[in-house]
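Per-chain residue numbering starts at 1, and chain names A, B, C and D are given in the order in which the chains are listed.
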Amino acid sequence: MSSPTRPTAETLRTLEAHIRDLEGTALSSGQNLDAALSPLREQLERLRGQVSLSRWERVQLARIAGRPTALEYVERLTSEFVELHGDRTFGDDQALIGGPARWQGRPVMLLLQQKGRDTKDKIRRRFGSSNPEGYRKAIRLMDLADKFRLPVVALIDTQGAYPGLEAEERGQGWAIAQSIQRMSRLRVPTVCAVIGEGGSGGALAIGIGNRVLIMENAWYSVISPEGAASIIWKDSAKAPEAAEALKLTAPDLLEMGIVEEIIPEPTGGAHLDIDAAAAALGEAVSRHLDELGTQSPDEWLSGRAARFRKLGAFTES
Amino acid sequence: MALDKFFRRRRPQVNPVAETETPDLWGKCPQCKENVYLRDLAAGAYVCPSCGLHHRLGASRRAEVLCDSPLEQWSGRVHPVDALKFHDTESYPERLKRAQLKTGRPDAILTGRGSIEGVDVVVAIMDFEFSGGSMGSVVGEEIARAAERAAQMGLPLVLVAASGGARMQESALSLMQMAKTTIALEALSARGLPYISVLTDPTTGGVTASFATIADVIVAEPGALIGFAGPRVIQQTIRQSLPEGFQRAEFLLEHGMVDMIVDRRQQRSDLAKLLRLLMHQPVPVAQAQAASSQAASTQVAP
Amino acid sequence: MSSPTRPTAETLRTLEAHIRDLEGTALSSGQNLDAALSPLREQLERLRGQVSLSRWERVQLARIAGRPTALEYVERLTSEFVELHGDRTFGDDQALIGGPARWQGRPVMLLLQQKGRDTKDKIRRRFGSSNPEGYRKAIRLMDLADKFRLPVVALIDTQGAYPGLEAEERGQGWAIAQSIQRMSRLRVPTVCAVIGEGGSGGALAIGIGNRVLIMENAWYSVISPEGAASIIWKDSAKAPEAAEALKLTAPDLLEMGIVEEIIPEPTGGAHLDIDAAAAALGEAVSRHLDELGTQSPDEWLSGRAARFRKLGAFTES
Amino acid sequence: MALDKFFRRRRPQVNPVAETETPDLWGKCPQCKENVYLRDLAAGAYVCPSCGLHHRLGASRRAEVLCDSPLEQWSGRVHPVDALKFHDTESYPERLKRAQLKTGRPDAILTGRGSIEGVDVVVAIMDFEFSGGSMGSVVGEEIARAAERAAQMGLPLVLVAASGGARMQESALSLMQMAKTTIALEALSARGLPYISVLTDPTTGGVTASFATIADVIVAEPGALIGFAGPRVIQQTIRQSLPEGFQRAEFLLEHGMVDMIVDRRQQRSDLAKLLRLLMHQPVPVAQAQAASSQAASTQVAP
């Protein structure tokens, strides 16, 4: 501990484990161990402030067990959420859900990528990877948002669209493209937030925001680190190296102009204080909704188009 | 004996004149076989308190269950005619007369203005008691008028479907009601007003293939049979038995065709909540206070 | 033959068979039988003019082997038909097909219910009964028609939408309703013609015309005669009686105001002279297209709405 | 040896400088093993005259096969940059340089103005020879510009897709090209101008999930592999082998995803016919005469 090197996320996790063990002992034995616990807790807090997370460590935080899912934010930030189901064509996808709700009081249309909370729920929701039905439901909800002038709030959290045989049969690529197109045509404001993982086209399908925000420990990329590692080194275990190359963290994306704002997470990650994480997300989304609220439908449409039109890096001779 | 019949038919069958009076009696639920005190059944929106069976409702009882207070009734002045001189085992006018006597209304539809938990609405309720809720010219006309008038008044439309489909006795004229109602609903779309349909047991045929399924939000009652072709016709086509639960509300939810299945006892609050959201109306004061205190408790600074 | 009763369709068919037999004999034997054939042919023609077809006989004519299908008319009346496939969601229905073409020179979007011509083709096309994919393809083609300002020409010929288990799973009723809605929203003129059978919602799905025409021996009804007979008498063999009750023939529909015009067929039915039947259909559709051509998109939209809004029979107290 | 390589790769691989020259030689078709005279192959749009195999084409050859005469080329001035300092087994600039040398163009796209059987069009052709036709910022920008310029000029857009998907080396910037291209195509929609995409072997990933599949009409080449997820990834997901013909053009037609499969030798005439119809252009004089004489013969009076 006397080493001058910056602490790693691993160090923090070891310290957290010590504290939990001591707290457990204190509780079960009835002994007051505050004399030991207090300095440990202080040191942990201090180290958290110093910690410099690698890109791969952030990817791991974005996936950590207990990280809040979309519905955990929705429960804290909205009232009167009415989940609407089905694509009116084939099925009801559980990985991409939504419906109208009041976001800190404002009527909005929610589009949520939902990973699932327990094992059964996760399987049912394919760990947040949609079939085409999910995107087609999103399109239907966007139709309603337009009709009833409801701003769209999209919470993005997926490793990507589901790569299944039936998904291909039913036009996974087509559904994503149509969702991008539909969202770009909305005559209401759209605010998107990457709250965990932003994997490829499956994430972008509901990511056509007038504003795109990202949580501090979320990632957003054209391919997952594992996918990139498989392609480059034929070895998905090289995902940490791929994560570095892909520059997929929130600060990277802010620098590229792909997101407007990084939403700070509680020290150590959103899972350590979900209420606080939700408060930060709620405030940021509400603030952007309020700012956009002064514009007209034409401005929402053209502003969104202009925002995406200028993304990209090239030179011209 | 009247009670036996009541339960055998799985819907309240009462004298239309006294439809709102509930006899002080017990009956046996046809699904769970439990004894149910009829006044309890009525107080519980005609859902069996033991097994949740949603009994079929005539239009008047449906209006009572759905709305805050009696409707300002609009339907009743448009009457059916026998344009085709249709005669099968009896004449169409004879059939109509029987259904009119049974239900006390000129055709299979009740429309009017009312409110649901304080939200002003126009309602259109199909009456399955009247000739199986079949859609002829009058049903089409009343639904079209209700939609157009709702649009003029700036009110949303809530429609309760219960129908075996288009009415054979008006042949192609019935068929055209599918187009007429669909087109009349455009008036609501044009003004950005919500149209919610509630599909109840049974909703089939031309009603499923027109106004009932183009609603902004489609609600279904638990267990309701909903489909285009009838189960018997399909069985003849595929020549094998149909799977358990086929064409039931739960099956349709799974196949992406309805937005939600809502227990009848929960419908008023869910519909009101949805309508308020879609119409940018505020949360009622009592609920807003509860919500804000809850929100405050979760908005801890990071 | 000396009987004063009006000839039935059955009499005509018997005479036709005699003539065919004699012609065959003449051909195979090399004998000239014109002396017998000429008067027979003349009598047949005379009787055809007198024949009074029952409603059920017309239903049978609408179904007779060799009656021209939609594609037989399209081959004769259009050039440059480009069939477009698929609903972009699930499949490509073969019972409802379509695409842009030139209708006697005019660019239009065709929607065709196609029954099939040989056994294999008929099975592939489910004898003209669509699955939901057919109606969803029609909706997509109507989107294109609107975008490219192509008038829609719909040829209706179906006993009804396919009553299958999978059709129900994929929302047959929903697809038909959406097709009716989409067609009512078109900002181009629509001309529909019932060329054979017009069975129920499955026919109406592409029947929202500014003008609706019907061939002389076609039928259009809320239910097939067999279906009605099954319901009324629990006996589909009573279809002839049901056909009478349903008043489903072209003159009935003209009287009810459900169609604007009856397109005459060659004496004895369209199958006896397909070229002539096609010429009559082509002329009528083209004439209505030309008449509508002088209106504006708003007039096409509101005219169509007004047309259907007034259909129905009731009294008001 | 160059020819062996040509056929092993199933696409013409030639010196880009001399791309339009065809060597006076024979080769063996990798599918049917027949010997093909290369000049015949070139004359037949690079479709094997024996088995119909559609050989992959670089962008220049594709333009020759598709258009009446050489394009007025628009692309070529926008060049890729290494914004992310991406380095895997080699650096991104090294990769780019190799691809640029091989193809003679700055990135995987060729755009310009031309005509197809006399119909004026803007074309955008992806070059699979350049880094597997991957879409980075330059591909996105050139497609966006082509669409916008077509809209300004009142011309339709014909796009030929051939791509493994978005370009990994530009990470999220590549991903954003999916949105950028989709949005730029709105300019054509707004003016009611046709956009036709031609999906060739292979078209996968982010290209399938954006501009390539929102075309008004989607044409596919026979046998082309078209999909979102790659076959290997899907196989890992489902842990069983994929069915014969999975993700091929014929499979997609059956599943309702493409409008038509058109043999490359037929594409010019089919595309021209379709474009003329959608743009209300008359039939060319020669064809009109043939058609009217045919129509006259069938328009017998009843």
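Please note the rule applied: contacts are C-beta pairs under 8 Å (C-beta built on N, C-alpha and C of every residue); 3 or more make two chains touch, one makes a residue touch a chain.
This structure is a prediction, so every number in the text was calculated from the model and none was measured.
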Contacting chain A as well as chain C are chains B, D
When each of A-B, B-C or C-D is compared with A-D, the one sharing over half of the residue-numbered contact pairs turns out to be B-C
Counting C-beta pairs in contact for B-C and for C-D, the higher total belongs to B-C
So, in whole Å, the Cα centroid of chain B is separated from that of chain D by 52
Taking each chain's mean CA coordinate, chain B and chain C are separated, in whole Å, by 35
Rounded to the nearest Å, the gap separating the Cα centres of chain A and chain B is 40
Flagged in chain C as touching 2+ other chains are 88-90, 170-171, 174, 178
Residue numbers in chain B touching two or more further chains are 255-257
Among line, ring, star, complete and other, the chain contact graph is other
Chain-chain contacts, ordered by label, are A-B, A-C, A-D, B-C, C-D
Listed in rising order, the residues of chain D that touch chain C in the complex are 189, 192, 194, 216-217, 253-260, 270, 273-274, 276-280, 283, 291, 294-295, 298-302
Interface with chain D, chain C side, in the complex: residues 76, 79-80, 82-92, 100-102, 104, 107, 133, 137, 144, 147-150, 264, 266, 273, 275-280, 282
The chain A residues in contact with chain C across the complex are 88-90, 132, 136, 170-171, 174, 178
Within the complex, chain B is touched by chain C residues 161-165, 167-174, 176-178, 180-181, 184-185, 200-201, 204-205, 207-208, 220-223, 227-228, 231-233, 242, 245-248, 252-253, 256, 258, 304-305, 308-309, 311-317
The residues of chain D that touch chain A in their complex are 77-81, 83-84, 86-89, 136-138, 140-141, 144, 166-168, 170-180, 182-184, 186, 205-206, 208-214, 227-229, 233-234, 236-238, 242-243, 246-247, 255-257
